[in-house]
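Here's a structure for you.
By letter and in written order, the chains are A, B, C, D and E; residue numbering begins at 1 in each of them.
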Amino acid sequence: QKSTEENTTEETTLSGQIQIDGSSTVYPITEAIAEEFRAVAPEVKVTVGVSGTGGGFKKFVRNEIDINDASRSIKDSEAEQCKENGINYIELSVAYDGLAVLVNPQNDWVADITIEELKKIWEPAAQGAIMKWNQIRPEWPAEEIHLFGPGVASGTYDYFTEAIVGESGASRGDYTASEDDNVLVQGISSDKFALGFFGLAYYEENKDKLKLVGVNNGSGSVLPTMETVANGSYAPLSRPIFIYVSNKSAKREEVKTFVNFYLENVTSISEEVGYIPLPEAEINKQKEKFNSFTAGSNSTK
Amino acid sequence: MTTAINIKEESKISTDEVENLSKTVKIEARNIDVFYSEFKALKDINMNIYENSVTAFIGPSGCGKSTFLRCLNRMNDYIDGFKMKGEILIDGKKIYWKSVVVEELRKQVGMVFQKPNPFPKSIFDNVAYGLKIQGVKDKKFIEERVELSLKQVALWDEVKDNLKKGALALSGGQQQRLCIARTLAVEPSVILMDEPTSALDPISTAKIEELMFELKKQYTIVIVTHNMQQAARISDMTAFFYMGELIEYDSTKTIFTKPKQEKTQNYITGRFG
Amino acid sequence: MTNATKNRLIDKAFLIFGILATLFGIVILCIFIGNIFADGISRLSFDFLDNLPSRKPEKAGILTAWTGTLWILGLTTLVAFPLGVGAGIYLEEYAKKGWLSNILEINIANLAGVPSIIYGLLGLEIFVRIMGLGGSLLAGSFTLSLLILPIIIVSTREAIKAVPKSIKEAAFALGATKWQTIWSQILPASMGGILTGVILSISRAIGETAPLIVVGALAYVPFVAKSPMDEFTVLPIQIFNWVSRPQHGFIVNAAAAILILLSITFVMNGIAVYLRNRWQKKVKW
Amino acid sequence: MNKTREYIIERLLFLCAAITVFTTISIILVLLVEAVGFFKEVSIVDFLTDKEWTPLFADKHFGILPLVCGTLLTTFIAISVALPIGLTIAIYLSEYAPKSFRNIFKPLLEVLAAVPTVVYGFFALLVVSPFLQKFFPEMSGFNSLSAGIVMGIMIIPFISSLSEDALYAVPKSLREAAYGMGSTRFQTAFKVTVPAASSGIVVSIILALSRAIGETMIVAIAAGQQPRLTLDPTVPIETITAYIVQVSMGDVPHGSLEYKTIFAAGITLFLFTFILNNISFYIKKKYQEKYD
Amino acid sequence: MTTAINIKEESKISTDEVENLSKTVKIEARNIDVFYSEFKALKDINMNIYENSVTAFIGPSGCGKSTFLRCLNRMNDYIDGFKMKGEILIDGKKIYWKSVVVEELRKQVGMVFQKPNPFPKSIFDNVAYGLKIQGVKDKKFIEERVELSLKQVALWDEVKDNLKKGALALSGGQQQRLCIARTLAVEPSVILMDEPTSALDPISTAKIEELMFELKKQYTIVIVTHNMQQAARISDMTAFFYMGELIEYDSTKTIFTKPKQEKTQNYITGRFG
C-alpha cells in the first residue's frame, strides 16, 4: 500500500498507451496489475485482450502489441517471425499455474493417483482401451470413466500432455474438452464417474462441488497448495506462466514502469486471483533480467 | 330516415310481377347492422330472399353488397373487428345461433367469388375437395359426383380427358365454371356469387349466365354484380344498396323500369358509380 | 359423431396446440429471463454501470462495455444504414432484370446466411490488417456493418415494395425524375419499414460475440472510448469473459450485464414494433 | 444537368449494391489464401475421407468428417425441435389468432432469436442437460442433444416468422374458397394454405438450417469439444464452428498447420451455407414467379 | 383481320357529326404494338386525338385501355418487359424519340389516376410538388399557382383555410379534384384520366364531369371509363377497345347510336363486361 502511494506522487506525469494481449490463463493477473497500475499512472491507458497465447503472439510478432501474456514458451516458428520482423523480446515468468486433478465429490474411492496412472489414462494408446476405473486400479469400481480436460488448443492441455505423457499434444482424443473451465467444473460436478484436470484457481472457487486428488510422483501423495507448488514438490503439474515484452516497447518509459510495477506486485496479486506466486528469489531474478534487457536494448540503439 | 321507409316498402314488394317466382322465403334477414370495428358497413337491412330465384345485389363500390352477401354464409366470421347485429334465417333457422356448425352451413350455402380461385391442384381434386374434407372415402361415389358437377356447369366435355391437369392451366372462364362445379359438388341449396363474371370475357359470361338459368331450378341464387344489364337480364329480384343501406328491393322489372327511389333511378341511369 | 363435428374437434385441438406452441416459446423466454433476473438483479446499480472493469467482482462495472456497445451501435448504423438503404433502393428501383441483378440478389441471399464467425475472419484481414485500423471501434463496426448489410438491404426492399405504386406514378406523371420520386415520395413513405429493419438488424449486431472477438475487441479496457480509432470492448464480450471466470461473483456480474444487454435489445425491438405498427396504420392511403 | 445528376446517383447506389459482391469475394479470398496453404500439406482426399480430426494432437489426422457429422447432428436435432413448433406457431398465428394477438406475439417470439447465444449455451449446459439426464442417466453432461434442443428453441422464430409471412402471402381468395366449401380452419390450413405456401415455408426452414449450421456459442459451450464420427446424441461432439472458435481463441502458434485448419474448416462451413442459401434462393425465385 | 378494317374505317371517321370539335390533331398514334414480355397487349393501334376535346376509351377489363393511355405520356417506360412498336406524335413531335426528355413530356401530358392518390403531405405541398421538383423557388409564384389550380378545380373555397392540412384527410372526391389541380399546376396541354370517377360518389362524380367540360376549353382530355353512360355524357369521341385491338373509333354519338361493329354493339348494350 505504502509503496503504491509513493509511486503515485512520483509518476503522475507518465502517459501513453500499453497494449497487452494473449492467454486467458494469464489474463486475470495482468488485468489485476493493470487495475492497480491505474492508481499509479492514471494517464497510461492499459488495455488487455484475450486472443489466446497463439493469437497474442500473432500480434506480438507484427509489433501490434507491447506485451503478450503467454501460458507457454514462445514456439520456434513464432520466434523466427520475431527475428524476421526485427523484434527482440524478453520472457519473464510471473507466477505458477498449478494443474489440479479432480473428481466428483461423490467419488469415494480415489484419494490419490500416481503419475504413471495418469499417463496410463491419458496417453494416446488409452483411447478405446482404458475405459473403466478398475482398469487403473483393480480395487476401483468397474464403471466407465469419464474424462474432462481443457481444449486441445489451450496451453494448459499442451502442458499437461508434456508433463504426464511426455510429449506435448499426445493424448487420447475421447475426452470432453472445453475452453471454458467453468464448463469443466460443471461437467465433473454432475458426473460421479468423472476425472478431469484444469487450473487450480477454478478448484479454489468451486471447492464444494469438486474433490481434489493428490498426485503421487514417487514421493507420496501431494495436494497442490501454495507451498507444494512453490517448493516444487507438486511436480510435475505446475507450470510457470509468462509475459513477453518487446524491446521496442521496453524502451518506452510507461512500459518500463509498468513491467517493473508488474514484477513488484505480482506476488501479492497472483495469490489474490488464485495463482501461485514465484519464490522471492525467482522474482528478483526476473527483475534483474528485465533491467539488463532494457539497458541492453537501450545501448544497442 | 330512409331505412324506416325501406321496411315499410318491403311489405309492398311487387313480387307478383315476376312470373313463376316461388313465394317461399328461403333466406330472411332481419335488422342487420354490420360493423368493421368502428365503421358501420351495413345499416338495418331487412330482406326476404325467395327460393329457386335469382336475386341480384347492385350498388356502387363499397356500398356493402359483398359484406351482406358474406353474412349469408358467415364468411365474415374470421374477419377481425367484424360485428353483426340482427338475425338471418335460412329455411327458418337462425344461422348465427350458437349451436349452428358453421362448416355445415357453408356446405349448404355455397359461394363463388369475383376472381376465379381454383386451388392449385388438379381439376379432379378441386371438385372432389368438398367431399374429401367431409370424410367421404368412397372413390366411386366421388368420381360420379365430380362428373355430375362438371356436367352441370357444362365443363365435362372440355376437361374429361384432363382431369389430372392442374386447374390453374384452365382459362379464366373455365376456372370460374370449375369453381361453380366445386360448389355444386357438396350439394348446397343456396349459391352466393360475388361478381362472378366481372373478370371474364363475353363468351364465358354468357355461358355462366345460361348456367344460372339452369341452376335456379334447383338452387336459390344470390348474385352481386356491377353490370346492371346483367342484373336486368338474369335476376328475378334486385336489391339496390347505397352507403350501407338497402335503398330499394323489388322485382327486377320494377327496379329497372319504375324505381321508387331517386337514388336508384340515378344509379341505374349511370349518373354515378 | 358426424364428420363435421369430428373435424371441428380436430380444429379446436389444433387451436389449443397452436396456443400451447406459442406459449412454449414465450415460457422458455420467461424462464431465461427469470433465471437471469434472479441471478443478476441484486448486482444492478448505478455503480455497476459506472465502474471500470476490476478483478474484484463486487467492484467491477460495465462502463466501458456499455459505452463500447453504444459506440458500436452508432458507428455501425452510420455505416450500414446509408449503404444498405442505397443498395436496397438500387435493387428495387434501378436494377434491370438480368444477369447482373440476379448475381446481386443471389449474392445478398448468400451473405445473409454466412456464419458470423466468418465475418470475423474477414474483418480481421481486411479492416484490421490491410486497412490498418487495428482492433479499433471502426474495424469492429465495419465488420458488423458487413454482417448486417444483407438484412438491411432485404428489409429496405420490402419496405419500398410496400409503398403503393400509385404514389410513385403520381410523382412520375408530374414530371419528377426517378431520384426526385425516390427522395421526395418513396423514401419518406417507406422510412417506417426501413427503420424497423435497420433497428432489428442492429439489435442483432449488438448481441454478436464471435466476430468481434476475432477482430480483436479487448476484455480489459479501463477507459471510455473517445474516438472511433480507440480500442474497445462490448457487453457480449464482457459477459463471455466473466462467465469463464472461476469466481462466482463474476457469474452474478455476467447475469447483471446480460440483463442490461437484453434490455437494450428489448428497447430496440420495442421501437421497431412501435414503428412497424404505426407505419402499418399510416400506410392505409 | 438533371440527367448527369441522375446518372451519378444511380452509379453511387450501384456501388452500394456492389459492396456486397466485394464482401463475398473477400470472404472467399481470405478463406482461400490460408486454406490453400493447408491443402498444400494435407491432401484433399485425406481431408474428405479420413474419419478422424485430430490436428492438435501428436497423432495428427485431418478428416473433416467428424466435424461435419457433429454439425449435421446438432442441426438435425435443432430442426426437429424447431420445425414442428415453429410451423405450428406460424399456422396458428396466420390462420387462427386474432390480428392483435399476432401483432404482439410475433415480435415477442422474435426476441428468442435476439438473446445472446452465450446465454443459451449455459442454459443448455446447466438446465437442459441435467434435466435430460434424469431420463437418460447414461447421457454425458456434454452432448449434442441438449445443445441441439436449445439451438432449436433459438431458431423457432426463424421458422415461425418467415413461414407466417409466407402463409400470410397466400391469396385471401384461396382461403375463402376453402372456407366457402365448408372447410374448418384446420383443413384450410393443411389442405390449402400450407401447400400453397410450401415454397416459402421451405425457404424459411433452409434459412433456419443455415443459421443452425453457423451457430457457434451454444455448441461450443454445451456440446463438448470432441470431434467424433457418431450419430449418438448423448455423447459429446464438436461442430465446425466450435472448432474455429476453439482454435482462434486458443494458444496454437499462428502460421502453423494447426492454425490453418480453421480456414479449411471455415471454407467447408462456407460451402455448406452457400449451397443451402442457393437452394433457398432458387426456390424463392420460382415461388415469386408463381404468385406474380 | 379486324385491324385492317379499322385502319380503313379511321379515314371515314364521322367527326363532323360532333359540334364544335376542333379538327386539329393533337395526338397521333401510328401502328402501335405493345408487348409485356411475350404477351401482346395492344395490336396495331392507329388513332388521332383532337385538340380541346374529350376522348373516351371504353372496353372490357384487360382490353388494353390503360396500357394505351399510359403510352401517351410514357408512363410505361419503367415497366419490366414493356416493349412498344410504332410511333406516337404529340403536336407533331415523336414522343419516343431519343432526345425527348421524358420528364418534360410528362409535364406537358399530365395524368390522373383511378384511385385518388394524393401524396401523404399537406394540400399545399401536393399542388406545389410539380413546381418544386422543377426547381421553382419563387414562393409568391408558387402560392399564386396553387391558388389558381385549386380554383380551376373548384376546390379553393373548400380548402383555402386548411392548406396545411394533410391531403389524406380530404374526402375521396376532394382528393381526386386535388389530384387534378396538382396536374394543372404544371400547366400541361393534355390530361390523361384513367377511370377518374370510378371510386367516387355521385356528387363528386358530377363535379368532376362538370370540371372536364370546363377544362376541355384549354386542354385536350383523354379519359378511360367503364361507365358507358359517362362516356356518352361527357366525351366528344369514343374509342372501343377489345382484346388489345381498337375495334371502333368514332364520334361518341355514332358509337352509342349506330356503331358499325357488332362487338361494339354487344358491349354498349351490356352483353358482357
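By definition in this document, a contact is a pair of C-beta atoms (placed from the backbone, for glycine too) under 8 Å apart; a residue touches a chain by one contact, two chains touch by 3 or more.
As the structure is a computational prediction, the values presented were derived from the model and not from experiment.
Peer 1: Name the two chains that are joined by the greatest number of C-beta pairs in contact.
Peer 2: C-D
Peer 1: In terms of CA centroid distance, which chain is the most far removed from chain B?
Peer 2: It is A.
Peer 1: Hey, how far is the Cα centre of chain B from the one of chain C, in Å?
Peer 2: Taking the average C-alpha coordinate of chain B and of chain C, the gap between them is 50 Å.
Peer 1: Counting in whole Å, what is the centre-to-centre distance of chain A and chain C, each centre being its mean C-alpha position?
Peer 2: So the centre of chain A lies 37 Å away from the centre of chain C.
Peer 1: Among the residues of chain D, which are close enough to touch at least two other chains?
Peer 2: Chain D, residues with two or more chain partners: 2, 182, 184-185, 187, 245, 248-249.
Peer 1: Chain A: which residues touch two or more other chains?
Peer 2: 24, 50-51, 179-180
Peer 1: Residues of chain C that touch two or more other chains: which are they?
Peer 2: 4, 7-8, 177-178, 213, 243
Peer 1: Provide the residue numbers of chain D that touch chain B in the complex, in ascending order.
Peer 2: So the residues of chain D touching chain B come out as 98-100, 171, 173-174, 176-185, 187, 191-192, 195-196.
Peer 1: Provide the residue numbers of chain B that touch chain D in the complex, in ascending order.
Peer 2: So the residues of chain B touching chain D come out as 73, 75, 78, 80, 103-107, 110-113, 115, 117-121, 129-130, 133-134, 179, 182-183, 186.
Peer 1: Which residues of chain C touch chain B in their complex?
Peer 2: 3-8
Peer 1: Please give the residue numbers of chain C that touch chain A in the complex, ascending.
Peer 2: It comes out as residues 52-55, 134-135, 213, 216-223, 231, 241, 243-248, 251.
Peer 1: Spell out the part of chain B that touches chain C in their complex, as residue ranges.
Peer 2: 101, 103-104, 133-135
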